[in-house]
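Here you go, one structure.
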Amino acid sequence: MGLRYTARLMAQTTNVGILNVTGYVGAELARLLYTHPHVKVVGITGRSAAGKRLPEIFPHLFALDLPVLEALPEGCDLVFSALPHAAAAQHLVPFIEAGVPIVDISADFRLKDVAAYEAAYKTTHPAPHLLPQAVFGMPELHKSDVRDTRLCAVPGCHASGVILALAPLFAAGLIAPAVVADTKTGLSGAGRALGLNVHFSEADENVAPYALDGHRHLPEMTQELGYAASGDYASPAPAITFVPHFTPMTRGILSTCYADLLPGKSLDRASLADLFREFYKDAPFVHVSDIPPSTKAVTGTNFCVIHPSINLQTGKVVVTSALDNLGKGAAGAMVQCMNLMRGYDEDAGLRTLGLFP
Amino acid sequence: MGLRYTARLMAQTTNVGILNVTGYVGAELARLLYTHPHVKVVGITGRSAAGKRLPEIFPHLFALDLPVLEALPEGCDLVFSALPHAAAAQHLVPFIEAGVPIVDISADFRLKDVAAYEAAYKTTHPAPHLLPQAVFGMPELHKSDVRDTRLCAVPGCHASGVILALAPLFAAGLIAPAVVADTKTGLSGAGRALGLNVHFSEADENVAPYALDGHRHLPEMTQELGYAASGDYASPAPAITFVPHFTPMTRGILSTCYADLLPGKSLDRASLADLFREFYKDAPFVHVSDIPPSTKAVTGTNFCVIHPSINLQTGKVVVTSALDNLGKGAAGAMVQCMNLMRGYDEDAGLRTLGLFP
Amino acid sequence: MGLRYTARLMAQTTNVGILNVTGYVGAELARLLYTHPHVKVVGITGRSAAGKRLPEIFPHLFALDLPVLEALPEGCDLVFSALPHAAAAQHLVPFIEAGVPIVDISADFRLKDVAAYEAAYKTTHPAPHLLPQAVFGMPELHKSDVRDTRLCAVPGCHASGVILALAPLFAAGLIAPAVVADTKTGLSGAGRALGLNVHFSEADENVAPYALDGHRHLPEMTQELGYAASGDYASPAPAITFVPHFTPMTRGILSTCYADLLPGKSLDRASLADLFREFYKDAPFVHVSDIPPSTKAVTGTNFCVIHPSINLQTGKVVVTSALDNLGKGAAGAMVQCMNLMRGYDEDAGLRTLGLFP
Amino acid sequence: MGLRYTARLMAQTTNVGILNVTGYVGAELARLLYTHPHVKVVGITGRSAAGKRLPEIFPHLFALDLPVLEALPEGCDLVFSALPHAAAAQHLVPFIEAGVPIVDISADFRLKDVAAYEAAYKTTHPAPHLLPQAVFGMPELHKSDVRDTRLCAVPGCHASGVILALAPLFAAGLIAPAVVADTKTGLSGAGRALGLNVHFSEADENVAPYALDGHRHLPEMTQELGYAASGDYASPAPAITFVPHFTPMTRGILSTCYADLLPGKSLDRASLADLFREFYKDAPFVHVSDIPPSTKAVTGTNFCVIHPSINLQTGKVVVTSALDNLGKGAAGAMVQCMNLMRGYDEDAGLRTLGLFP
């Protein structure tokens, strides 16, 4: 199975920097890039950890003994940012203005509508003038734009699972705009910050809903599913009732999406699956499955497994999807976008299958 | 806090038998009854385990060193059955005909409509003539009937969480009949039978939907929410899209229910909470909460915590509930029903608070 | 099974206060006392939470809607302290001097040797003059002293598991003084304080040793096993190599203790079990088991299950014990001691069996 | 970081077969080999699953859509066997006699002493005449033999953790022959077979010792640590008291080993670490760590992290090690051995870092 590597080695190595390696997304990026065939990590930063070595922060990265810096060195070919919102835009402006390609996991460049951003994140956008050049980093919907961009805004983890589950239906004009998205997430989605919500003794053996007043990933879902429905960002967007839930596992998001067929539309399960397979025929990381997905089957990978179905009792369309929130939901998708931006195989460094059991 | 026990001790002791103590519901019943102030367990049965002692089957019950019998002794004042469907009815007919009060956790006597039962359970009902005397064992909807019955059919665990979450809304005539019920269950709900679905290495760190072709608890939900809406069992029932999910914990069900207000109805969150509190004012085991529920807060208890809410973005009514599937979802509810049938305090033997953390 | 309650109701109610209800031991105490037949909780305190209601701190205690106070009200018949070391002694001195019976879970009054305390806890003992009146709160070794004391120092959770596992062997003069104690603990033992060591994403699916430089519970083990060996606190104590490990569960400690028979001693497994059963014949919460113990079988209880064995290959004595670190390892043992101090049945309020599964 | 791949691509591809792909070791092998740069899987077998496709057995391998065969095709360059003991030898004899290189994870060819094998596995050895040509597949002790062999017997998971932890001490002649090895394992070590011991509801939140009458991995430990001590397989072996414990996680073994320095020997922690680093200086998958190991840091990898220490209270040497039982404890080690046998870089296909968090 090694023959495909030949072509890849022709490719030029990319020297990358990682901003804020000290969170889970940064650490996962470092881990993935360690075995990426075309990447060299030339610098990593971390706010409070500058001066330490990476293994002091993350012992599992003992083989990646890099110093954590205050700032990236000159000459990065591409910058990955795992900074939180607002901080990301602030730190990235100089790079963007210098023309350095950026792959950013914050929300700062995801939303086309500054007002929606400022309402969701309760802050003034640090660089709204840069939004027009940003591309929403979901290759399954925007592959050619991702290839051509220098500012790639990778979606949030809940948004990835829900958008991928519903986009084919909106694109086909099959469903009514009011949908329900009920997600079940592992706790690494909450990051490395301390809190009772991620205290083992309280999160273990516990399932609970949260963000019942509205979750920040909602505007992305609305924006992109509106785009899927209409082909542009100006048309009216769907009405998504989105409720996330914590579940007692580290990685994974299972999204269960409920939609109503529009009057006059009808569909059986087989043609529904065909529709999804056709929609994702050029998406190497989406697997349309005949059996229900499970988060464990995609742990540690960049895959999203999707199972479209129709409820036999009510006719409701029920689409379930599974992904690893730190893989396809964050660091994996960032590497996938970089691969496209740099002209590598889309799956370079990302061919790992699920760590099961 | 011991004073309330005085009144209880006036009550006469009930000699009970447990049919099929060898599953998780049977074991939990034995555990609860061990500390019940008015109950004496005079016999326990178990299909394959007859001849053994209970602690050989369940080491945690080492202090309850009873023999597992082939059949219950004569003279039980009340019989708890933890037999599976079909087997339950077969074994219970002689007791019912002899007038012995029964509390049954199987589905055999829950459904008023024999056809619905036979379709869901793919079997011929063993004793349809007894259905008219059965009462649905949910005191929150049928307390006086439970008090008066000799055949109490305690609901399934998913059904309990969903019915309790939605009954006040249907009873108030506020919501449209098409609702979504998305439940997240611990794995003890699958029982003690072996299977890859409950194999630790495969269920751990895993969330997945199941029963996408229809779950057996659905007809109960439909029946009882139809009853809540109309006050009788003959009116048209709601259309419930019900999708259960496995989550990596042992006990607990978190139900998330989505409903649309009927045209012309409007409601704020505070009046919604008032509606629920009024509906459950005589229900000692329902706690209407101002904060979202979590399964861990009710572990080991007979409580159901319910949090009604309204989605701020879409106006959808979102009700979340949490219960212990072996507590209020099974053995706890069985003891609660027995308390009513025997004239004890409704919470006798059931005052334990959640085992948290 | 309710008949034993009659005698208990003759007993007078004890009005108790809980100092520092806001940690896990305090919360578990409140939970246990809620159903204790002879106890009324008349006041609870919590450092930073004063002014709040208990359910705001611990939602699972929604039925225990007490105010968290700055200080206990006058007139408590007994005070439970769940304060940490040093703070405990400081707050308890006035109560002790006023003659109020105390049950304390801190280390402050456990050690007879002030120097050992000050070395382990790196602090000056706030009240060394009170140590002579303190009793080590392990009724299995000191039942009559516990009955008679007004200052009961309940042992640490690791210490309880190890001492109970080894005391019969030392008491019988069978084993050499150098022993190994390898414990595996659930994470609630680390308390409610935040830290990466109890961050779900890092503690989940993780087993690791800790405290390799020495754990604070070691001096208690040494002291009490020396007492078991000699009958006094002055004789030379055993040399215990103690290594605790975190395991990904909330409650429970499994202790595996390794000892060598003294030269000339020999013993088979059956006589070993007899020795343990005889030693614990008056200990209602120790169950000497013929099968290996498991933490889940004692979850939520005050039991310690002990399985003494002999390694067939090497002749080493291997004793394993299981207890709930918040039950017999903390709050349960506190209630047990109170029962003895107040003349109640030793198991009053503590008859619950393990929450299994 | 891709430059090292160049050299590897010069290497010839190895066509491999996997016997018994349907267990966890077989599945992990398939997963690892999917991304191995020099390997092509040309056939997989599975006893009861013949005729199915691999993803029907393991959905996480959806991208590896191979048929499960009755028997391997002709022409494999190397055969991996994940068959259980006895079955392995029976199936492998024809391959061995035909000169096909074998990497076997069963116990059949690990032990030099047939009698020890037959006592531990309670069966007659199917092919004792082949034992002399077998090599114990632990490159850290036998690298040149592994390079030269055609019959490589990879050790059991507990044995790997314990041998790696203690070999440097025995090799240096520092410790007494009586040692204690206390291991804590994830449940995937018990395999995919069903049983109450791996039933989620019973294994979750549970730690328990097992195999107190003797575990089958013990003879390997004894043999190899005797070899480490003396340099041959004929000298007297150490006396190991080995007690394994189940812990509620899927992957990982944490081994805690206790040894006594021989009279007259002394050692501080720093020189102990130096000793280990020197011993493992050519072992790319052993990381001697200054901090205690944790299983999660090596999940999904072929690494063993070892932390040698000295107990400050008793002077006992305490060595803790962590590995992934399906990685370095099974499939990872098998690939490592194949790499050596085929002349590839020892870490080809195995450079993945720990899946943390």
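By letter and in written order, the chains are A, B, C and D; residue numbering begins at 1 in each of them.
The definition used in the following text is that a contact is a pair of C-beta atoms (placed from the backbone, for glycine too) under 8 Å apart; a residue touches a chain by one contact, two chains touch by 3 or more.
Just so it is clear, the structure is predicted and the values come from calculations on it, not from any experiment.
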| item | value |
| --- | --- |
| Most distant chain from subunit A by Cα centroid | C |
| Chain pair showing more contacts of the two, A-C and A-D | A-D |
| Chain centre separation in whole Å, for subunit D relative to subunit A (CA means) | 36 |
| Subunit A and subunit B: spacing of chain centres that average the CA atoms, whole Å | 39 |
| Chain centre separation in whole Å, for subunit C relative to subunit A (CA means) | 47 |
| Set of subunit D residues in contact with two or more other chains | 24, 186, 188, 192, 201, 204-205, 248-251, 294, 296, 299, 356-357 |
| Graph class of chain-chain contacts, one of line, ring, star, complete, other | complete |
| Complex interface listing, subunit B residues touching subunit C | 1-3, 5-6, 8-9, 13, 24, 27, 31, 33-41, 58-64, 188, 192, 204-205, 250-251, 287, 289, 291, 294, 296-300, 305, 326, 351-357 |
| Subunit A - residues contacting subunit B, complex | 178, 180, 182, 184, 186, 201-202, 204-210, 212-214, 218, 239-243, 245, 247-252, 254, 256, 258, 292-296, 299, 307, 309, 311-314, 316, 318, 320, 322, 356-357 |
| Subunit C-touching residues of subunit A, taken from the complex the two chains share | 24, 186-188, 190, 192, 194-196, 198-201, 203-205, 248-250 |
